[in-house]
Amino acid sequence: MRPSNRDAAALRPVTIERGVARYAEGSCLVKFGNTHVLCAASLEDRPPPWLRGQGRGWVTAEYAMLPRATATRTKRESASGRPSGRTHEIQRLIGRSLRAVVDLQAMGERQVVVDCDVIQADGGTRTAAITGAWVALHDCLAWMHHRSMIKHMPVRDHVAAVSCGIVKGEAVLDLDYAEDSSAETDANFVLTGQGGLVEVQATAENAPFTEAQLGSMLALARAGIADLVALQKDAVARKP
Amino acid sequence: MRPSNRDAAALRPVTIERGVARYAEGSCLVKFGNTHVLCAASLEDRPPPWLRGQGRGWVTAEYAMLPRATATRTKRESASGRPSGRTHEIQRLIGRSLRAVVDLQAMGERQVVVDCDVIQADGGTRTAAITGAWVALHDCLAWMHHRSMIKHMPVRDHVAAVSCGIVKGEAVLDLDYAEDSSAETDANFVLTGQGGLVEVQATAENAPFTEAQLGSMLALARAGIADLVALQKDAVARKP
Amino acid sequence: MRPSNRDAAALRPVTIERGVARYAEGSCLVKFGNTHVLCAASLEDRPPPWLRGQGRGWVTAEYAMLPRATATRTKRESASGRPSGRTHEIQRLIGRSLRAVVDLQAMGERQVVVDCDVIQADGGTRTAAITGAWVALHDCLAWMHHRSMIKHMPVRDHVAAVSCGIVKGEAVLDLDYAEDSSAETDANFVLTGQGGLVEVQATAENAPFTEAQLGSMLALARAGIADLVALQKDAVARKP
Amino acid sequence: MRPSNRDAAALRPVTIERGVARYAEGSCLVKFGNTHVLCAASLEDRPPPWLRGQGRGWVTAEYAMLPRATATRTKRESASGRPSGRTHEIQRLIGRSLRAVVDLQAMGERQVVVDCDVIQADGGTRTAAITGAWVALHDCLAWMHHRSMIKHMPVRDHVAAVSCGIVKGEAVLDLDYAEDSSAETDANFVLTGQGGLVEVQATAENAPFTEAQLGSMLALARAGIADLVALQKDAVARKP
Amino acid sequence: MRPSNRDAAALRPVTIERGVARYAEGSCLVKFGNTHVLCAASLEDRPPPWLRGQGRGWVTAEYAMLPRATATRTKRESASGRPSGRTHEIQRLIGRSLRAVVDLQAMGERQVVVDCDVIQADGGTRTAAITGAWVALHDCLAWMHHRSMIKHMPVRDHVAAVSCGIVKGEAVLDLDYAEDSSAETDANFVLTGQGGLVEVQATAENAPFTEAQLGSMLALARAGIADLVALQKDAVARKP
Amino acid sequence: MRPSNRDAAALRPVTIERGVARYAEGSCLVKFGNTHVLCAASLEDRPPPWLRGQGRGWVTAEYAMLPRATATRTKRESASGRPSGRTHEIQRLIGRSLRAVVDLQAMGERQVVVDCDVIQADGGTRTAAITGAWVALHDCLAWMHHRSMIKHMPVRDHVAAVSCGIVKGEAVLDLDYAEDSSAETDANFVLTGQGGLVEVQATAENAPFTEAQLGSMLALARAGIADLVALQKDAVARKP
């Protein structure tokens, strides 16, 4: 039995609340249990400098945690003068995941920045961030479409993410912080709505893992992400 | 008539919701209209280095805005590598205001850091932050008291803050962003529950102001802060 | 009796020596007792980037202390890699104060930077800096006028500043460092030559202060600043 | 046919030259074709601060590229003031991979830092770095063992790494830069000598990939890494 | 004839005014023509960390220019976040020059920091700084001696510096900025009171120079430094 | 007898291997005994910003050490966030030395950056770097000439460098690290192929030195540099 009394294949309660950031073109507050991430998409009228003049747009992401999102206070990255390696790694992952399902050509020479700010952290912040960022991005692109800035919605598919782990030799889905700390292997999966793989990251924390264990984790992730995509569909179907 | 249809002496709707940060020793979400600030107090078991061995505690604050708290996205301070002058100015003000009503001796050799993160910004973020920070600090100290870490509550009085301005020659209370942008004079007042002045900051944005105008603004602030203190009392009287 | 044997309403001996920086378009060395500040105004032929193309000019200030201006040596800010919060706060104050009396439109698309470097510090460095910066700025604008770069002098009025404090319950003018350290309340006032208020900043260092005390301090400041403005007039009337 | 005329399952020519850094406790120059990485292991007599007093050691890695390792010059990270996100990501990966096969308890309270400096870069620098770093680390631990600083060699197994990709729909092994730039999917695999998985990272660069493709890449990697481990065994069997 | 109408072997008018920094243990304002440097020596009761416990003291220097010391304003190094390479080079030179004539053993475990701040710059700031720094250091050590902190004065000799150059093929002494800009070779010499060489730095700005030219410059420097040492002797012989 | 059994006037074994950096326009690995420096010249199609539009080119250099080039590991400068003062000093020296023999006009509006990365350090890294950098620069300019980007080779002469020192009162050539640490005086000489002086830097480490000693060191340097220039000539005469 898992510490949270969940089944090996069970997600935590997940909710997606749209339109929480009054000034953003698209936004949502996504909750995976006690992990809460505020995702806000901002439209900028120019792509990044290295892309100018190529007729294409860009989607990028930034990620941060409030200092007291965690059990003990974490120092602000503005105080230490630079985002940490972990922050860089996560925000690059979010950006790549979003771009995998967006038609950058169709966006025109513009950029959308999706800010993922972790209000509360109980494990799985990057997977919650990706899942919520897709909704914020969708709403930002819909905002542009509504104003005829683009001819059609440049979103080709959903994208969502979930963590898995090997705990006491068994694969489990969507770890919270307590479970994550004791997992033998840690993995994050990013899949599209149609089940294509966008990113697989699996790390042995202690002993190496086997190909069979990788397969078990991927099977759990596939099912979990199908549920997350259904929740995204529900969310964007509602009036904001 | 003000853009918000408020009376010159009227606050925006103000609410204070306690206990919003699951892991913090004290926290609240304070709203002054569309300005929303999450205040989280963290207990640290050591005072800052320069205070060690003196038997006293310390209270300090940090302040930041989420990038899309504002109408147009603001760059993260972790990206530019340093908190701005404005950030420094505000977090020093919040810290001073709190320390004015705390018995640092009675805290023992400990520090409380109050993080004030602006989730949404529509003017008056520093005054909302001070007003909410007092509640978060109060709850953190109550948490310590409940665990017998301190003999009595080291809070001597309430402290709260509000902005005033001179708009078209007339003094008005609690400016939102639109009003703030067009004010001839901008002022912030920090007062205690008993009406003592803790901080007065008044700045001519355009033409100089008069002593009479300073007096009018202070009178508005005094009444507004009395209302804010009443809301703080209500908030801490409730079960969290 | 004050430590300096001064009357509550007495300024320290104040002198303003113009033309001390050979290469600057305007400069002065201002002394408030043992506080000495070198103010040098530099004309730059372009306004800051965010103001370009608007037909207006800009006035800004920078502030720093020599490491051994103070009783114990202070670390250089270039070594710590960034100006402190206090430095930012002061240089923003100086800039705002100067801009309050300058017709930016009449300056054309140019910028004047006034560097205020504290050679020796005995309290009141920011108020001495504002008082001297006005003279340096005046001479820089006169330099431009003399070369027909501008049609008329874009200075609308004088601006000067002085500190006040509540010491042992009584209001006193122009505190030196020893008095400042023991003051219950600390205040800085910036006024124009005609007596308009440009900036009021009052901070309780210990116990809160009263509205009456704020009024007493403002009265002292008003008289002190009238004297400082007279000294500015004398200074700019002399041949440099 | 691949641009390099290699078979889909063929590594580039790989060599490992030990003892190249005269002052380091362990070192090697590893070449994967035109990718050359200098790995140097340094023994430090104290673990990192956060591990002190726990009786365990630590292994970490740093990674950098010479500015002209690449086809066009890359700016030095010391000039931009901070290691990039990519650098952080890679050095964290190298460190985790090495720790997966080291008995940190048996090392005592010491740290080994393995510097991986890319002298020439033609794709796969991180996988070459991991493969070489194991040899440098091995020699550093052997140096300690020879001096009786540790009772037995704390290396539990080999660890090596290789990249794979999906190019034109087919899985290929050990991509050079030209191939890497055109791959639809990019993956890095880190395995132990006994074939356990330590790290799997697969990223869709364009279209998503399938579970079958992930399987094909893993099969290629498993065979390639077996060859790399054989080369490591040869290298450490020789007199340095 | 030189632009300044000076003879090839003539120094600019040099003055040394002691005791200009009220709070420093030793100080002087040194002027080489229009180059003015404020030198202030600060006693610190601990040597730098890497020297602790060795029973010896240390002398170091810092160097900076006020932004408007120069004909056009220079950006503050605190704004760019780091001292420039030129600044590092100069302050290391000043420190080495002073240490060449001080008995560090006799100082005890203390440090003297000599701040050399250029108030006005017309060429030769580093040589003026060394010449003045010796006086400030002398007075700081005399201050310590007077308080019986040290048994005898730990100054073994004078040290002073001057620049030379090759202008139109001829060696000249103590270049001002205009001459320095057009010199074919630039050199700085640091000598002791007894004529020993402490530092020779000669740089071809355009065409290489000859050994004979190096000899001519050294001869001029030797005579000029003898004069500077005489001025140092006069200065320290006076009551401060 | 010297620790290395060398004669006072003997260089260490010196070798220059060209073409070691596959992607650079010019490169070499230069060895002065156990000091090994990799020099790589990169052509950039634009001069630095401050030189644009003047029809001239520029040559600059960067210098760094691998962390374990030295007997004990040195922290990376990218981790400390800035190149040290020593690094700045050395790379400025290399750049000046190269520019002394290059016709910048003939280069056109282009820049060559020569990266000097110390692979192994046993004293004299800056002199080895200058000697090797000339070869890398030569080959880069030959590469340009071969492609008709320039009409003739803009190299006017050779430039090379060597260190000298006073050890136990006697002048010696080309010090290794052990000798350098105990030298009473340390000097670096940069000369052209025709024997012109480009840079002389001599520093008393302990007691001052005499003019005669400076002369003895220069004589040794002159002979040593003649040998280095002969090695450069051999190197560039060979097919790369």
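Worth pointing out:
Per-chain residue numbering starts at 1, and chain names A, B, C, D, E and F are given in the order in which the chains are listed.
We adopt the following convention: a contact is a pair of C-beta atoms (placed from the backbone, for glycine too) under 8 Å apart; a residue touches a chain by one contact, two chains touch by 3 or more.
None of these values were measured; they are calculated from a predicted model.
Interface repeat of A-B: among E-F, D-F or B-C, over half of the contact pairs recur, by residue number, only in D-F. Rounded to a whole number, the gap between the C-alpha centres of subunit A and subunit D is 29 angstrom. Work out the mean CA point of subunit C and of subunit F, and you get 51 Å between them.
Here the CA centre of subunit C is 60 Å from the CA centre of subunit D.
Of all residues in subunit B, those that touch two or more other chains are 81-83. Listing every chain once round the ring, from subunit C with subunit E next, yields C, E, F, D, A, B. By the touch rule above, subunit A contacts subunit B in their complex via residues 21-24, 27, 34, 38, 40, 42, 44, 62, 64, 66-73, 76-79, 81-83, 87, 113, 115, 117, 119-120. If you check the complex, the residues on subunit E that touch subunit F are 82-86, 88-89, 91-92, 96, 100, 191-192, 194, 196-204, 206-211, 214, 218.
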